[in-house]
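Dropping the structures in below, format is structure tokens.
Same chain, two partners: subunit A is paired with subunit B first, then with subunit C.
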Partner chain A sequence: MALDRKVAIVNLSTGKIDIKPISLEVRKKFLGGRGLAAYLLYKYVKPGCDPMGPDNAVIFSAGILGGTLASAGSRTDVMCKNPLTGLLGSGNMGGFFAPELRFAGFDHIVVLGKAPKPVYIWVNDGVVEIRDAKNLWGKSVTEAQWAVREELGDPDIKCAVCGPAAEKGVRYANVMTGIKNSNGRGGGGSVMGSKNLKMVAARGTMDIKIAHPMEALEFDKRYIEQITSAKVNQTMGALGTPFIWGATNSWGGLRTNNFQYNQLLYCDEIEPESIDEWSKKSVGEYNMTACFGCQVHCRAKYKIPDTPLARKFGVVGNYDEGPEYTSQGAFCCEPGCTRLDTLLICNHLVDQYGVDNLEIGHMIAWAMELYEEGILTNKDTGGLELRFGNDEALIEMIHQICNRSTPLGNILAEGGIRAAEKIGKNSIKYLVHVKGMGNLHSDERATPGLALNIAVASRGSDHLRSRPAIDLYHLPVDVLRKIYSSPVPYDGPLSSDHTEYIGKPWQVYWHENCYMAVDCLGTCKYHTTFLGATLPNFEDWSKVLYYNTGLEMSPKDIWDVAERCNIVERLFNIREGMKKDDPYKGEILVDRYFNEPARRGAPDVVGKTIDRQKFIEMRAEFYKYRGCDEDGVPKPETLKRLGLENIDKEPSLV
Partner chain B sequence: MSEDRSTAESLRSTRTYGQVRCMNPSCMGRITPDPGAPKAKCPRCGSEWRIFWVKPGFPRVKGPVWETSQKLAQEKWAAIQAQAQQKKEEN
Partner chain C sequence: MEPKVLVINHEKCTGCRRCELVCSVYHEGVSNPSKARIKVEKWEWEGLYIPMTCRQCIDAPCMNVCPVKAIYRNEEEGRVHVDHDICIGCRSCVAVCPFGAMNFNPSEKRVFKCDLCSGEPQCVRFCDMKAVDFVTPSKESLIKKRNAAKKIADAKKLATTMSYEA
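Take a look at the complex of A and B:
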């Protein structure tokens, strides 16, 4: 059955491994994936612990639809207390690891403690072992995966692995799988490194019994057609996620030169069409690949071209996948670079080091602004001209940070807030972050709904937790009404104008539940109402869930699960010190959003800032929908409604 | 199949083909580029966009025509600066 997979609690300090079932009651409350991971995190992490210490947990989770007939049931969630923010750390990656983990009999691996020496966890057909990782430690992301396959004699082993950046204690290191699938933003890799855990390797042959196979296949026909016929997915199948750049850079929605501008000018070389052209030239016409069970094929393949820069850094001809839209931001608009080889090299390096592309690009762009402002000098940079548009300096800094090989690299590896404390000189003023996590490369000064989204996102400034991205399409109000009035009624205001403030709190709230639900299911966000209004959501998931697992849940039931899990994440953050107006751990934007007008882009974007008062009002409205008080703390009646009133007192349900 | 269509499925009838949206936020009008054309101008607001054809009949905006968009942005920025200066002087 799809519901019979288990949880393994692995204590690396003691070597003890407990295997526990997941009851139907727990399934109905949290489904799986990110939702159940949030509950496990809340119960297994010691409150107030050092995120890099043994009392933290790192939790690997497959969604409840992972490995089933459901489209794109590929996602792995990794959760921990984030060493960067001290709050919720959570990432989500595609690839093939989650299905393999399920084929091996498990949905969740909860790792506690710290191993005395490097180890890896081997999960194989119902058995979990802790094994010596001396042959894996120090290896790059891809080298380590091939090494474990060779060691165990099985080329089909799938891995969730950390890279050298995690081993060096960079606070924003990823968990990775395959060539480039990245569990970013959450610091899961950093926590693995702190525990001397190199990887979780999985291989399984335990069938997942589909509850209603014929109905599941029949429904798949229309479900997949719904997904692949969407224009957004057809475009993505041709150009990958970089296709988004065409829109956002056109109107001026990309933070450029850290946060000085909002559009990268004359950057034709790194536009998605140019990336696609090189991808085809370097690997052939069939240049797109996909994650488990996905028909969209949004991931490009490429080899690094032979250029002076690639020669200098010794990476000519190296193979990689992507780059994703986030790498365009991290290595193009944020540092003000416009060369394709730079983008492809940087993307390759972060994949091999296993570091978060958005955070490292953000840190380097911030340092570039500090350098140009005279806050960092040649003495600090070791003579490196850390100016915007300096491609070599950008690449060099990636090496320095990931290896912690220079004083500046060592400081920047600590993340923005700690680095700002060390650098001083009011450097914090230039840091663009929420909850201590660098903002991704989008510039939300002209998009209040998106600004609210990054402020309240549970893991820090982020686009994948609650972003009402379809707000950018100016959909007619009657279409918006249809989307946002299901599965719960909504008759409040809505606006087609993405520069407006009205109606946005509900949209953010709705999308927060939508994204939580899809992360519990373990399917891909690109298969839902993220970038396409006609893509599946709650109503469609109710059927997919039933046919594949036999679990009967209405769209409203799934919505309630998402509500519950979002509240658990919020409770975790509050327990770890989140306060709504705290500049370091709060749900507030930095002053630059309110004070510095956007200077580029479409005429209606030029001059835009976020109105502080309206932003505060939007946030208050969001809290109301979320069932929280004016400080963003869940009300007792909300906890009771969601069955969470005893979460602190009751023993763990798993 | 049609009788139990979900909300998302029912919205498929709103899809448009052969068109792109103007990327100027206050406009967002539909533009129908000539087949295979590398550029298109918005008939409503005058913004000009470079076009990429995903496949025949399926255009998308690749980016702005830089000269046009830069001119418009610079004019707007200059107006904002002038307005701010005037306000400063009045105070």
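Take a look at the complex of A and C:
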């Protein structure tokens, strides 16, 4: 059944492999996926360890609904101590790896130690082995996957793989699967590289018993209709995530030229409709592709056009998928570039190198601002004109960083904080980050709720951990009340105005639990209250969970699991040195958010900054809802309520 | 009435494999693509996904090769059927099927194939794109004719517009 999948603890130093069951008690406490992974991380990572050393762990996880009928049970979570931030590193990707891992009998692969030479882990129908990766090491993300299929003689093998960037020790390398599904932001790829682990390859033919198959099918039909009938998902299914970029750019919510502006001008070529037009022209009328079991199909396919730039970098006609709106952010607005071929080339390069698009785009945009400010000179860049809007320089820097082939590339591969220390000259002033992780490409100066979200996100500046994105829709207060008063009551203030500060802490808190629950289930965030107000959440999950797994959990039970797992992530961060006002490891925004008014966009955006005092008050209110003291540390009674009071002392439950 | 068949338009397929999922749950009560009657074959590096399943052949090789006549054609429903009471498990049918549509379940030691879910194929029901559809064969060729003609019509329309511009 769906609950009988196991955990494999693989020690690459000793070659020892332990296979452990997951008890029902643990399921009810953590469900699976990211939640249980957070617990495993807390228990298996040596406190204070070097993230690039053998004492770190990298954990590959499928959610409890992975591979079941639940729509898009496709998500793979990868956790580790992040080499970029020294705090929680966690990424989440779609594709086909997690279901295959479950068909092979496992929910979690915990990798410890360090292999003396490159290896990969082969998971096949209940058996786990460590194999020599000499034929795979050095290969690009896709080449390595096709090579392992060749080696093992099975075209249906699915891989969680790292690319050349990880092998070279870039601190923000991804775990990848398929063509472009990226487990970003968490540094999981970097940790794989440090452990000499090229990939986890999975193939399985084991049953996942569905508890109530016919009821599950019927419920699922309605559940999918609820998901696909949402306008936002229909748009996503036609244009992909670029539609979000298009909408937020015309409003003025995108970090442009690092952080100098908040809207990219003259960018017709990279608007969603233009990308869609090229995608259809290059691959045909039906140009969208999907993750496992998903009917939203939000990812476009494309081939790189024949342009002078593509010819120069030798990528004409190469196939890829996307670009997602994060690539538009990283390679268009942040570095101030407006060309479609640049976007498609950069997106392809990061997919092949296996590096985080947001982080690398942010690093290059930051370096561009430093260059224009005279902090970096031609001497530092090797003569490269690292100016905003220089497409060639942008592409060149991706190569230099991923290969660590030049002094500047080598410095930028270390991530913002370390690079700022090396560059000096007040370069840190220009860096836009939270907890040492570069902010994504959105500009939150006009949206206090979203600003609070990136400040408290457990893995560093991030939109996928607690963003109350529907805040931008100006929904009537009674609709907000309906959403945010379930499954636990809330009678505090709520506001339809996204420029307000009231009510936002509760929204951020509610979404943090909502997204944690989705990540425990292992389904997609586009299938919950993220971008659409009518999409499923706790109420519906209780039923999906029951029909598919037989587990009886009320909406409130699932909420409690999410609370527990969020607290475990917070405990991990505190253990590894997070302090609320620490400029490098804290839950605070950089000064630019408070001091530099937004300069472009709609009237509700122009001139906006975040009010520091009100921001601090919002954060304090958020801590209160989270059951934390004023420093953001969970109170003893919170730990007791969630059954976590002995987490440090007890032996690992798995 | 002319019985319906499964018609696959691989260009529409997004590669999500929900068809495999619902097929195995409907028939076996388990989620397990290796027990599905339909399988999406993929060429990921080209973005090509091709769902493969039984064509319910008129002159079916599986039926012809069966030494005990366990396989027969139900003309009314338009499907090729395996009678498991007669089947001896020799797997000759697996060997001769040109599409790989006859499968073998090693744990239950028996062959299995698409049975069109007794008239309401779940793969079709759950495929939003209708990359797998359930239509009468003659209708299929009519649709194809219309689509091919549309391309000629579009070209013609474009040519007319251009001549006006000139």
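Here is the rule we go by: the second predicted complex is superposed on the first by the 654 of 654 C-alpha atoms of A that agree within 3 Å, B and C clash if a C-alpha of one lies under 4 Å from a C-alpha of the other, contacts with A are read in each partner's own complex, and residues count from 1 in each chain.
By definition in this document, a contact is a pair of C-beta atoms (placed from the backbone, for glycine too) under 8 Å apart; a residue touches a chain by one contact, two chains touch by 3 or more.
Because the structure is predicted, anything quoted here is derived from the model rather than measured.
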item	value
Which superposed partner A:Gly178 touches (first subunit B, second subunit C, both, neither)	second
First, second, both or neither for A:Ser229, with subunit B first and subunit C second	first
First, second, both or neither for A:Val606, with subunit B first and subunit C second	first
First, second, both or neither for A:Tyr473, with subunit B first and subunit C second	first
Dominant toucher of subunit A (residue count), subunit B or subunit C	B
Contacts of A:Ile208 with subunit B and subunit C, given as first, second, both or neither	second
Which of subunit B and subunit C A:Cys291 touches, first, second, both or neither	second
Doubly contacted subunit A residues - partners subunit C and subunit B	none
Touching residues on subunit A, where the partner in the complex is subunit C	2, 67-69, 96, 103, 142, 146, 155, 178-179, 205-210, 213, 216-217, 220-221, 224, 228, 283-286, 288-295, 297, 301, 319, 321
Parts of subunit A lying in touch with subunit B, wherever the complex brings them together	222, 226, 229, 231, 234-235, 238-239, 243, 246-247, 249-252, 263, 265-268, 271, 273, 446, 473-476, 479, 482-483, 486, 497-499, 529, 533-537, 539-540, 597, 599-607
Touching residues on subunit C, where the partner in the complex is subunit A	11-18, 21-22, 25-26, 28-35, 42, 44-47, 49, 122, 125-126, 128-129
Subunit B residues within the subunit A interface of the complex	1, 6-12, 14-15, 21, 23-26, 28, 47, 49, 52, 54-55, 58, 60-64, 66, 69-70, 72-73, 75-77, 80
